[in-house]
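Both complexes below contain chain A, partnered by chain B and then by chain C.
Showing the complex of A and B:
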């Protein structure tokens, strides 16, 4: 497929999304958060998430006067860090982890699914059953176990590499979603491979790789786009939940889920805004991504 | 029907085999020495490692190890915990699983009737005002992570309203924390169960009501509904006698599927509310690096989910004689 055709269908898709009020709200919000993720470091008043704007030892309890608009729009947390800056800076990690995790799982999962669907036979049968079986384990449970095990590995090696915890979640998302994407790609491939143009390519004597990637893949892409947007919304949900449970980013990081966890309990009475704003950001982003992926599903189904 | 059930049984055993293999090997394929990881990493002495190695039978061949482990699990020997000294994995897990089951029971009792009613109302008024309101409500609730709704309930309902006039006049209000003793009886636990159960209800509500809505809409389009209406049977009777009876049948399966959602949601909800259930035990076990306990918890959970799916299939097959045709 030439690149002009891809960009044209992308423009078409965005146009369809913006025409319906629900998906338009979702798409605009997602784009807004995406821009925050890209340019957060330039937009945040305190580009270093761990800058303490005032010495907490001198004024341990924060009074509402500190909440003046301009200085600290979202107040500061109990350590005197600007919540507004931290919420802005937190956007990039959730987009990076959920986005890259989804990308890896979609690329590898669709390759696996295309291969299974085209190949058929006992390979497909066994892999298909294994995929069904792994889907019986709840995703969060599997994610927690994987994170727990990978953390043990890192403990064993005795090396604490910066940012490794973030990549653990990315890896877990990819591992969890590869079978799910593969199942979708496989079922679509089963349908496509009975078409005449596939038979024609086979008669021409094209290679298996050519048939899979040049003949079948373009027809599978619409259902992959739908699945990718759905996976992305679940990935955002999972990153936030793992961060909240303390299995995602590590403490000084401005991760939204982690910020919610750090400021709950007794601290909530002291600095409610330090919990409410990151929680609001998570809720808004999750709802927005859901509305957008719902819109993408409807747009693609209508186009078929 | 026999054929259908045989296929479901085969799937059950195959899935159980695959997931137990996965759970077993996730622990065994650790680079380095699993016995050392279990003993506590680099601080463990050689004797401790050797002792654990002996106890776990790590000197045997892998397939033999797997079979021994699976046999022990099915026989009820789930090992000892390292994180919670002096306790047996089985006692600990069964106690916590009982607590989680109580929470799940209250959550199901709250969520199933409410979501069925909402789903039926939405389905009967497709694309009209009630449907739009219910759809928007369920869509926004399903989107929210459990910990956001859980914290919202704690902060608004328990803490803010708990100091209000209503709570004062009642003399009782929902506690902000559900950290009750793990050994408490159901009656003692009940006051602490309402809020986490309500948070779990919100998770289930959206799934069950959306699927019920779809079932009702599909059923309303059938020919027999039109025939019954044209025969002059009151619309109310058509809906009650025919549509709902057929539309609600698949809901049994839906509830079984949502048990898997409920398990995931309950891990987070139990953590948020500090409730002593299986989910919070899992998190504690991972934090304390007690991999044997983690392994046992996941096996128990998978067993529960697979059995509930199997029972749902059987119930569905018994209630719906058409199953054998498909």
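Showing the complex of A and C:
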């Protein structure tokens, strides 16, 4: 397997990312959020997100000038929960859902796209039409419909559990992004399969699976990496949007989108910080991932 | 040479650098040139030697990462170009200095009609517009022999063939009557027939004007046929400059000699001699050697070459040479050919050289020669065309594209069948059908007496291992993510069933066979040069011990010096393994060198089949005659009367009736050519020609065109 070649290019990629100021900022921020997601429970002052033992509606004690966090850096919400802890704890769910959703869609989508592109013919034609049709539907609308259908099914089966909500969103991301990733993988495959090394493999009588995964896939990976980073940023946005609209995580989970939703309207007057900090976290993460994926795209294009 | 007091272009001590990271790398050093009006100077060298850089610098048109170092002199008609601003230069570019690029299709704007583009040039150069401009353009189109100029003007670039596009760019360059014309490989991407036409055109047009031309090419044949003086460039330095006859007669620099010697001459054959090749690669510009830049690859190298840089010496007869040992080059030239290891082959019972020719019409083996390996009968490949809406409504089935239309071939073990023809004649499709990458539409294909299935997926491993292929483009034929080792070891395990340990030993042996060191096994394709990649591809093809290897233009993407080494390798491997080749090329000299039998293909059909040396002697099929006459021979003394074909290849969807060649045939005898398919006529030694003209008549009228067995003949 060409693993050494790929790891070599990965090292190159990270090097290129850190050399450009914008992508360096993005990459560092993404790594920062990723560490929060991993070690949130250890970093948060109050590891239980539903710890309501504090006084309600305390103002943020964060002092940027003195670099002091204070008792409740982001204040407390109307139920007396520490917003700072909840924002830190929320990172893990958004990374898990958006990250896993992206991973699933990239793995399945690229397998589908590679297959379609290499196979060609009527298989490609039919699957291609289906993909085109899915892409014609606005993503958020489709997400809402899917969430609705899945919940309904589960509700009827009587197996509704709050913890499943996350997996529903994950599934929605996968369903939404598989066709998009498949299209990218397919178009790159169409280019690669005309190269003569693929013909040389066919002349050796290699199996279709060998040709797709050992000969074509390595050359498709660069464009898949670009697409994956782009999908990831959209996935974060989608998770937050669904949470905000009440179709994602359920209260009292410390989901950023949900926190924004819970603290809007009349509550915003009372505890603006309970809305602003999770909103800021969403914005920062989305911008950071975008900067990083921009850098990845530039690095990959330069490499070609 | 029109030696006026002041040359048109006077260049002295020009050094051109490119910025790489933070450093400036001198890509061309101490370049000099004097070009008179009406003179054609050829600039030759391998790729990466700085030819195009010189061209751009002479126009003062370097990219922003390039610059001309101070201290050089670049005078055009007495004016110092280096001192000129961009705005001043733009005026010069519009009118007095013109450029013809290699890739005409990329140089023309695809979204603007030809006529408009050419008239824009005229407006910028001479301010001529409207009717006067149109008339001038049509006249110019007549000069460049564009058929039906009014209609050409109305077309978009993609509607013209490559040759016609190049005529348009030449017309664009010449329409303003420039004083200096720089042509950067204008015929490299074209067929040999089209190339002949364009060269003829350039020669005529320049003869009528006082334009000075700098003609850049890697093809010495083109230089020999076109230029008056030649500059040989290597690694950014002038190696030699001489008048064209002197250069070919007595090259003083070993590099020039190597370039001349590495091109097979028509009539030279693998049975008689190995080609001479220059080993190694040009030095990296960032690590230039202290002494002579050519020392690493030079067969005459002595200590002084590595320590002291040779000066550019002036020799009598207006020659320049940069070599410590130029006096030793001359004597080694004539009597022997040993300088670059090319040597005549003593063959005593090595290979039966006088085996009877495999005949076309299924006479079968049994006359003492090697067994028939492959037998192709009436092979067809038709590509269906999707019907237009109107055709679909009327339920008309559109005529398919008949890329290969009834080809019969026989190939014997250990022999090479050369397949030649212009692009679009169906050579590559034929190869892909035989190898099984495309399914045939009809006909049979027998390999070693077994009927071979249509596509690779249906073929048994036994058949697969017996048929392999070497591809044209070394860039694409190796997977960039697999090491050399992985590329070669796979067929060993897959097709030969070796254990990993055996395969390892065998891989190293194969690498050694193709003259690559064992350490290459660990490298990836981007760490290899073009020639090295092609060697790996050849090793991979030989890995399964095939009986037949299809070589689809395996050397046409390589530099001449590398090309010679790869051809030698193919010839040598064939002798050792007794494998047969189906060798496809548009280059007749290359095919002539390697092939035992040659088949000439035109529009999906064969028109001539014969023994390789027969093919370079009359009688020829009129099409072969045109191909042979169009070869630019690297010998300025040998100028044949060229037979120029029009560059309108009929479409394979709408084939001409009768003889398919009649629309372009210079020897068309009458109506019979348009109505009846010509018969096969058999000449000596199984030489077959498909023509209405009897062979004796053809032979009589073609007596002048003998390329083999002449002064340079192989004996």
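Methods note: the second predicted complex is superposed on the first by the 282 of 304 C-alpha atoms of A that agree within 3 Å, B and C clash if a C-alpha of one lies under 4 Å from a C-alpha of the other, contacts with A are read in each partner's own complex, and residues count from 1 in each chain.
The rule we apply is simple: a residue touches a chain if its C-beta (ideal position, glycine included) is under 8 Å from a C-beta of that chain, and two chains touch if they have at least 3 such contacts.
Quick caveat, the model's predicted, so the values are computed rather than measured.
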Report task. Have a look at chain B and chain C on chain A after the superposition and call it: clash or fit. Result -> fit
Query - First, second, both or neither for A:134, with chain B first and chain C second - result: first
Report summary line: With chain A at the apex, the angle to the CA centres of chain B and chain C, rounded to a multiple of 10 degrees, reads 90
Query raised in the report: Touch check for A:197: first (chain B), second (chain C), both, or neither?
Result: second
Report task. Considering only touches as defined above, state whether A:228 meets chain B (first), chain C (second), both or neither. Result -> neither
Query raised in the report: Where does A:206 make contact in the superposed view: on chain B (first), on chain C (second), on both, or on neither?
Result: second
Query raised in the report: Which of the two partners, first being chain B and second being chain C, lies in contact with A:219: first, second, both, or neither?
Result: second
Requested in this report: Check whether chain B or chain C contacts more residues of chain A in the superposed model.
Outcome: B
Requested in this report: Quick one: classify A:145 as touching chain B (first), chain C (second), both or neither.
Outcome: first
Query - Minimum distance between Cα atoms of chain B and chain C in the superposition (Å) - result: 7
Requested in this report: Sort out for me which residues of chain A touch chain B in the complex.
Outcome: 129-130, 132-134, 136-141, 144-149, 151-153, 155-158, 237, 240-241, 244-247, 257, 260-261, 264, 268-269, 272, 275, 279, 282-283, 286-287, 290-291, 294
**Report entry** Touching residues (chain side chain A, partner chain C) in the complex
**Finding:** 2, 5-6, 195-197, 199-200, 202-206, 214-215, 218-219
Query raised in the report: For the complex, which residues does chain B have touching chain A?
Result: 11, 14-15, 17-19, 22-23, 26-27, 30-32, 36-37, 41-42, 139-140, 142-148, 151-152, 155, 159, 260-261, 263-264, 267-268, 271-272, 282-283, 285-287, 289, 291, 294, 298, 301-302, 305-306, 309
Query raised in the report: Once bound in the complex, which stretches of chain C touch chain A?
Result: 435-437, 456-457, 459, 461, 464, 467-469, 471-473, 476-483, 486, 490-491, 494-495, 524, 537, 540, 544
